[in-house]
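After this come two complexes, each holding chain A, first together with chain B and then together with chain C.
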Partner chain A sequence: MSPGLTDFMALDLMPLLAAALAALSCGIIGNYLVLKRMAMMGDAISHSVLPGLIVAFLLLGEATTFPMLAGAAVAGVACALLVGAVRRLARLDEGSSMGVVFTIMFALGVVLVSINVRNSHVDADCVLYGAIEHLSLVWEPPATVGGLFSLESIGGLPRQVQSLALTLAIVLVFVGLFYKELRISSFDPEHSSAQGVHAGVMHVALLLVVALSVVASFEAVGVILVVAMLACPAAMARMMTDRLGVQIALSAALALVMSTGGYFLATRWPAVSPDPGAVELESSGMIATLGGVGVLVAVLLSPRYGLAASALRKLRYRVRVLSEDQLAMLYRVEESAPDGDATLERRHLTLGVGEGGTERLLARAALRSNVRGGRLERRGDQGFALTESGREHARSLVRVHRLWEAYLVRELGLRPDHVHGTAMDLEHVREHGLSSELERESGDPGIDPHGKTIPR
Partner chain B sequence: MPRIGHRTRPDSLASFPEHSPESPLSIHDMTVAYDRRPVLWDVDYEAPAGKLVAIVGPNGAGKSTLIKAALGLTPMLSGRIEFFGEPLKARRRDVGFVPQRESVDWSFPVSALDVVCMGLYSEIGWCRPVGRRARERARASLAQVGMQGYEDRQIARLSGGQQQRVFLARALVQDARLYFMDEPFAGVDAATERSIIEVLRDLRTRGRTVLVVHHDLQTVAEYFDHVVLLNRRIVASGPVAEVFTDENLRKTYGGRLTLLDRAAEELARAVEPGAGS
Partner chain C sequence: MSAAPAGLWDVLLLRGGYNATVVQSATLLLGAAAGSVGAFALLRGRSLMGDALAHATLPGIGVAFLIASAIGLDPRAPAWLLLGAAVFGVLGVGFVHVLTRSRRLSEDAAMAVVLSSMFGLGVVILSHIQSLPGGNQAGLRSLILGQAAAMRTGDAITMGVLALICALGVTLLFKELRLVCFDGEFASARGWPTGAIDLALMALVVTVTVIGIQAVGIVLIVALLVVPPASARLWTDRLWRVVALSAGIGAVSGYVGAAISAVVPRMPTGGAIVLCAGAVFVVSLLIAPSRGLAASALRLARLRVRIGREHALRSACEWLEERGEQVENGARVPVADALRAVEDWPLWRWFVRISLRVRRFARIEGAEFVLDLRGASEAQRISRAHRLWELYLERYLHVAPTHVHSPADLVEHTLSPELVAELERAVDAERSSMNGAGGPR
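On to the complex of A and B.
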């Protein structure tokens, strides 16, 4: 093996594996917390794990793995149940109830640590921030890469990695087996229960799996940052798709990127930092930070819900409205021209669109799109006139505009001189079947409230 | 009066003389309370088979609570419910439910077809995937409410009326024999209202029973055969022509508290001071 690979296996492989497994478990199950709008429950559970760990330690007198994990799991589930109980009994909302329960449980843990186990193996920092880097100390890498896959070396993996792998398997089986049941009980709890899929039972089962994921992961990222693993991949994936299955797959991929990326950024910081004295960074912090950056990017760039896409949609709509207004304007001029022919110059067509520079640019873009779409043609140096298809389009716009005016006067009893502006907005609404319904409801009067003929 | 505490319960409704075993829904002595405040008292009701039944009453009369308690979604203080002479557990597939549209989060990442398929979950059974045949049936059900072409649309991008029709299609695909619908007409457009009426009439033709929480008193006589007038207890129930009278409506909607109501308020106040606001 090359020295680089040997180093990688000795130093990075186990921490990386732990981070990735934790991110996958939390990232996948976190989808349901985000969808049920209760991601903070993950935070509550992770904080209340501390007293469970300490109590298990006090009972056993030593820090053995699985009993400690069991203590943590019991505390996590107790927290979830207590939140429900406090909400009912103290008549609080869910958020306040969580605030009461998990801070008190966490505080209890802090007190227990400071009283009893000051010099023990329970390291408060490790609980808070995680310590995956330590995993490389408890693992002896095999001599070759192939040796990794022998039964013997799998059995020799650090027990945190083993329990994380087991947790991921449980999460995958749970989500795979109860995919349909989780979907219905998260979406519509009442209908779900009526269908025989008891929503309360599914909820408790979900909380159990969340507690398991959180407990298995807190060593990797610490109790404070585990909520980032629960919430960030799901939140990013939700912005990118409207399908639950795709969302879950995406969140898994993003969890992988977030954990491995965060780990490498943190551990390779001295190599990329301009500061020659730079040291390695806390990888749990970097993983969570990367998650936050990812959510920010998703908020900006998501194809449907992103700010960029929304701004683009608004611009496109504005250009369409302007281009349709240009067609309708030419149509109205044709109507009143004695020979039925009309040519307008650019400055006329972009008239009245406001003085702003952007508006002017958009009006020009609208004009260009009309010419390119074959709805307007150039006449002479400066002029524009309707083509046959442009006239067709304009006629239907003017028709819908005047039908709306007739409807507003007839159905809503508005005064005829009040309806033009509203109709200007409504004529651009395109919905299947709307115009035929409008014809029916307005009574198809033939002339609009101003006495103008409604074109066919 | 609600009796709070223990009471002996008969083993089966068959021991009651007024009970008919083939009734789609038999409610006997149902009392429901939130925080010990009675919401429904001593409700006895036998739904007629193959009829469209409106449940009407003022806000807070317990109309939705009646449905939810019958479906086991809200715990009862006392009472016994049977569907076609059996407990709900044995008849789940025969009982369909259309909840209020506002009761769910419409931004949930599912398509219209996904939601309709949920009506078949009980039939498909635990842990099995939704198969192609189930999806075909869901597609047909969507077409039945005039929603073909919207199968893959995410539900947030449907209008309110279309969302209501998706809920209706979800109930239809189940092919139940008894349906509960909680305000299906609330805030829908004309096309949806027509579609719902069509569906209701079709269900009646096929011998199904539908109980609908309804707000519009103007249309009760036009749309429904039977009516239940509810104000925390059943004021009257039966065929619209006999029961939907001015006097019964006054009794149902006349805001004045009866002696019974006042006594119950006092009782709740005595048991739990915080609740008596």
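On to the complex of A and C.
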């Protein structure tokens, strides 16, 4: 075995495994928290780990792992239920009741830890940040890579890694068995109860699994950063897809990328940093940072729901509206011209467009797209005229416009001099078969409220 | 608790030394400012924003430290660190805003993402600072859980002054904040700049959060914004009282919490302050006059006793009618028949009996239930309401006659005299064609 690999196995394998397992469990179950608008509930639950641990410790009088973790899980569920109780009893909104419950619980934990610090095995710092790097200290790597997969070495894995693996298994079984129930109760709790899936029971079961994931993970990443694992992968995946199954699979993949990427970025920092004195950075913090950056990138750049994409869509729509307005304008000029011929200059075609610089730019883009699409052709130096296909297009636009005017006057009883603006907006809407519906409804009036012929 | 150099009373009475006195006064002002600002944040539904932005300040503190060391300033000057914190707090709020803009992520998911990942960035930066020569970060980590005892007099005075300014800001903007909290849409329809008012509220939240970091710490500062107003809200519905009470609760918690942490060794100030506020909340939740648990339990109990009483009277009335007897003063009904519809739980039955007795509706003589004059008319009134409702369900909602009894059983207790009169009018027209009695008059 090469020395590099030996080092990797001795130093990195266990922390990496723990980070990946924690990110997977939290990332998968976090989808439901994000869907149910309970992401901050993850935060509240994870804060209650501290009082849970310390109260269990004080009750037991000794630091034994599993009872203390059980105490933490109980505290997590109790926190979630208390939030609901306070919301109902004190008639507060969800956010405020969370703020009340988890801060008081956390304060209790901080105070108990601090005044018992000498004889307690609970360290507030460790609870806040986790101690993922320590995992390599409690594990003796086998001599070969193959040795990893022997029963003996799996049994010899650090306790945290074992419990994280168990947690991941529980999360997967839970999501797999109750996929349908979780889906329906997340999207529509009332409907779900009507369908015989008890939303309240599913809610508590979900809280229990979240508490379990948080408790298993906090030793690796700390109670605040575990929130990043709950929220970030699901938020990223939600920006990319509508389908729950795809979202869960994506979030699992993203959780893996986020945890391994964050871990390597933090631990390999001395190698990539220009500063020779650089040290390894806190990997849990780096994982969370990476998650946040990922969400920001997804929100900005996601192809369907991203802010950039929707800005682009809006821009395209405005250009289309402007280009259609230009065609309709030329058509109307042709109608009133005695010889049926109309040539307009650019400055006329961009008339009525707002004064702003971007509006002008968009109007020019619209003109270009009309010329390039063969709907307008240049006449002489400055002028533009309709081509045959442009005239066809313009005729249908003017037809829809005048049908709308007729419809608005007849069906909605608007005054004839009040309908032009509305029709200007509506003529561009083609979605959902609106114009064919309009054709059917309007019953072919022949002329519009202003006495103009409606072209066919 | 171990022995302390000064007793709690000494410190509470400001005999704990000059520095302790200044720090306590400052936390008192902080509590008052956070309580009043938090009241508006709570009413505007922005309580947890304080949590998100508080966590987002950690990288700001780290960055401020790095910049200060790079340009040769004192990197531990609190004013400088808190300036960095404020900048990143605002940045955090901005990120939450950006993330919710796509409408795919709800505000709570955005807050969870910003809170945790910016805190993570802070942890990374602190771990980098630790490696710097002289970069002992102990001073910075204490900001996470807060340690008022480590504050210098000057810092405390700055904090107190800023808190005072925040409280003044709330007073000056009282009318504007009230408008957006109760009806933001109405306010903007009336031409109020609701966006600017919201911005001012967020600025106040940021200021309170940042000045509170030293004393209470990043993780718990949100408690000062949420717990006092949540407690105050339990006591009153009037806005200025909520704000004043919340400021008062915040001030007392800040003062007492700081005193406790000065007296008890290793007691973190933030935890102590929050626990004080939490104790006020728990007590308020129990005993507040109308929203408190005790008050609502009492209301519920009284309602149940009234329902039991009315059921007993109606059963008696029905028993008498079945036998063609008059429902009048001194009419006698076997106890078992009168109380058959009352919940079968000894305590309630006992309460119901007492209540019937006290109101002079009926008394129990041996195994008989004897109606008084008042009881007879009450029994007729309640039976009448019951039957009118049954009739109404049959006639107008076309519910089968066999299915009207139990809904009427529920509704009879809530029918007001006006409603009974209306029901009477509604069914009066068909009274003649009815089978059986239309109900006792």
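Observations on the structure shown:
Following the convention adopted for this analysis, the second predicted complex is superposed on the first by the 417 of 456 C-alpha atoms of A that agree within 3 Å, B and C clash if a C-alpha of one lies under 4 Å from a C-alpha of the other, contacts with A are read in each partner's own complex, and residues count from 1 in each chain.
Note that contacts are C-beta pairs under 8 Å (C-beta built on N, C-alpha and C of every residue); 3 or more make two chains touch, one makes a residue touch a chain.
Quick caveat, the model's predicted, so the values are computed rather than measured.
For the composite obtained by overlaying on chain A, chain B and chain C cannot both be accommodated without a clash.
When the two structures are aligned on the shared chain, A:V197 is found in touch with chain B, with no touch to chain C.
In the superposed pair of complexes, A:E181 makes contact with chain B only, with no contact to chain C. In the superposed model, A:R238 lies in contact with both chain B and chain C. In the superposed model, A:T453 makes contact with neither chain B nor chain C.
Residue contacts after overlaying the shared chain place A:T144 against neither chain B nor chain C. Among chain B and chain C, the chain that touches a larger number of residues in chain A is C. Look at A:Q382: by the touch rule set out above, it reaches neither chain B nor chain C.
By the touch criterion stated above, A:T358 is placed in contact with neither chain B nor chain C. By the touch criterion defined above, A:V111 lies against chain C but remains apart from chain B after alignment on the C-alpha atoms of chain A. Clashing C-alpha atoms with chain C appear in a single stretch of chain B, chosen from 42-50, 96-104, 150-158 or 168-176: 42-50.
Within chain A, the residues touched by chain B in the first complex and by chain C in the second are 37, 91, 238. Across the interface of their complex, chain C is touched by residues 34, 37-43, 47, 86, 89-93, 95-100, 103-104, 106-108, 110-111, 114-115, 117, 124-125, 128-129, 224-228, 230-232, 234-235, 238-239, 266, 277-282, 284-293, 295-296, 299-300, 302, 305-307, 310 of chain A.
For chain A in complex with chain B, the residues that touch the partner chain are 35, 37, 91, 177-181, 183-184, 186-188, 190-197, 238, 241-244, 247.
Looking at the complex, you find that chain B touches chain A at residues 68, 71-73, 89, 92, 95, 97, 99, 103-105, 108-111, 114-115, 118-119, 121-122, 124, 126-130, 154, 156, 170, 274.
Partner chain A is touched in their complex by these residues of chain C: 1, 42, 45-48, 50-51, 55, 95, 98-99, 101-106, 108-124, 126-128, 130-133, 141, 144-145, 219-220, 222-223, 225-227, 229-230, 233-234, 264-268, 270-272, 274-275, 277-278, 281, 285, 291, 293, 296.
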